[in-house]
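Accompanying notes for the structure given below.
The first chain written gets the first letter, and so on, giving A, B and C; residue counts start at 1 in each chain.
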């Protein structure tokens, strides 16, 4: 199995499925370094998003990943780190 | 009807580690814990694998085979607790006008165990979308609508007055009793058989709390898994149980020479209007509920001798309510013992509020404050007196008990000795 | 202690009308909304008809953030609350947060949402269960979500008494207003028209197995054969009368009386409690039987239960002593939504001076009821009595009265 890459587009798709979108937020803009909180996603939305990512990509994220990743960039990096390490095992 | 004061004259508790109010009190006053690895089903696929289970045989407690068949476990617990409470009260309900006797049963999640099992069957293990009605249990409707719990209790005690299930998530156990108190005060009933019951230890409940990481993953040390206010806590331990009370008007209780455990002097519930599972750190809405409950009791903060906390053992909760106690009681919060019996009997969702009312009343009865078990490592942000590990002998005339739950509900109840001055 | 409590806003999501005007137009004209179940294929089940709310598209009414975490019934309840608040002319953001509360009834929670998560649990595994399951299906979800969406921090609550619950919630709301909270959002919206909910309702043994929408739900008729389940309900804005008048609100009517009883245990030989509930509600309203201009019946459509209700009514009001109607023959039985929807209809009957009809029913003579069937009846309506019974033996009665 080759390493998949987790992209911003994948994250946006999963966020929309998992938690919809706040009315005054444009996910199409440059959001990589915007706080999830400012994007309208609180801890519950991120937990749902995290578990969807885990199932889709077959990984298990540490509890701390979702609480510590405050921006899309941080979450994407954390997921990709898991995917890379998982790929070497597989 | 203004001025009708409502007292507890009967108590029965079915809690993990102790069926019956005496063994319940023995457990919580000794600081022993009843949490253990889950035995009801194979917990290995789950993140959290500990729970506080009751060793409960409905037949031992006098339920008939047909009653067992038609009732979910939570309804069975409620009925046994209700019968025990009536017996404890010494009241012969057949002497009363049945229309003046009502029932409230609190439950957060109703017949979850029954629904989970039945779904598994009618869907053939989740295979069928169009589930098969020919495999449904004949009493499945009782699980669909948990008002069946109140119906069962009403039948068990012969009540024909206002009867209902109160379901406000994890504050159900306080709100159910609060609802009953209001009915007696306004004159809609003279006696209420009121309490709550939940039996949520089933795969669907474990899975839904796993999904939000609300329950502890500490399954290597189940007896010490529930650690409210401890710096190393990491989630609550699911429990089950029931507590039911006989509530009546003070004067009639005195006339019949009943033993009065406590007066329910004040009650209030407020909502945080913030989040279905989240809490604002300032605890403002719980503080408001406490303030209103004290006001209704015509008491001030300094009169509180003991706080029976919600103390679920999530970081969010423990800090939230610590803030709420400081906001509502001021400096007196630092001088008041606060403890969480969830450290010993787990968090039985809608039932625990009533179980904690029972603990509060029994604390007054014995003048002993039950401890918070497993509290070894202080959390700097929780800096009150949480009565670690060992019970404390202390004159306990007035107790504040609180609850906080999903949906944003925050409830507070004040128990007091009825002979206190109402000046 | 006994301050007057009034209804100032209505929000309706009913099978025969989305929004109060649609609902009332359909109801006064006897428009039947019962039809074959469309939310799933019912052909394999013994009952196949329901009263479904057509045309409710949640995304048209609610922010997308709320959609993944809410059951269909919560979505309808949130939309109905928006409509009720607008109808009352209340802007929650303008009021003190602790002055507003939410007390709703629920019968089965977000059962369809729960079905989806149970399926994932048992077919795929526990890690597939949604983070929203912990609250999306539970009975308190509508009160919680309504309070959050509208910033209401006052006393809230949730009651579960099967079909009687909607009236019990309104009574509890009135209690909280009398204790000092100026405004409470109350009522009930239920929906469990999903295969899992259907199987559970079938087990209750009270569903009609007819395939004819005009012959399936016939309360008080010799051909009564059970009921058709429906979905939806109504949300009411309730206020202290003084506060409502002070802000110049339009007042639909007063919630002036309430009574609740529970039937004796089977085999006790004692009489059912419905009559007593009616008497308690009338006494609470300080009304005589002769003051009541219309009764909205519970209308179980099972011969023994219809007889109990008819006997209670003739005992209190005399034979053919009061006009009786059951507009729920157009919608099916809505569980906790039924009582609030009948309250809405009773208040609209007061407003228009017209009793909406019971459709399709030819009442059995022996019941002795003056059933308003066929077409609506013009009548001055000042006082209405609404009845609701929950399976197991719950009886609730509410008296509503015109306010001058």
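Descriptive notes on the structure:
In this text, contacts are C-beta pairs under 8 Å (C-beta built on N, C-alpha and C of every residue); 3 or more make two chains touch, one makes a residue touch a chain.
Only a predicted model underlies this, so the values are computations on that prediction, with no experimental measurement involved.
Put simply, the chain farthest from chain B by mean CA position is A. Two chain pairs, B-C and A-B, are compared here, and B-C has more C-beta pairs in contact (counted per touch definition above). Rounded to whole angstrom units, the spacing between the C-alpha centres of chain A and chain C is 42.
Each chain gets a centre from the mean of its Cα atoms; for chain B and chain C, those two points are 29 Å apart. Centres computed as Cα averages put chain A at a distance of 38 Å from chain B.
Shown for chain A are the residues in touch with two or more other chains, namely 44, 47-48, 51.
Those residues of chain C in touch with two or more other chains are numbered 69, 127, 130-131.
In chain B, the residues that touch at least two other chains are 211-212, 275-277.
By the touch criterion stated above, chain C contacts chain B in their complex at residues 1, 40-41, 44-46, 69, 97-98, 101-102, 106-109, 111, 114-115, 117-127, 129-131, 133-135, 138-141, 143-145, 147-148, 150-162, 164-165, 168, 172, 175, 179, 192, 195-205, 260-266, 268, 270, 273, 276, 335, 390-394. Interface residues of chain A facing chain C in the complex, by the touch rule stated above, are 16-23, 40, 44-45, 47-48, 51, 54-55.
Note for the complex: chain C touches chain A at residues 63-69, 127-128, 130-132. Put simply, chain B touches chain A in their complex at residues 211-213, 275-278.
The touching residues of chain B, counted against chain C in their complex, run 1-2, 45-46, 98-99, 102-103, 107-110, 115-116, 118-120, 122-123, 125-127, 129-133, 136-148, 150-151, 154-155, 158-169, 172, 175, 179, 182, 186, 188, 203-204, 206-212, 214, 268-277, 285, 288, 405-409.
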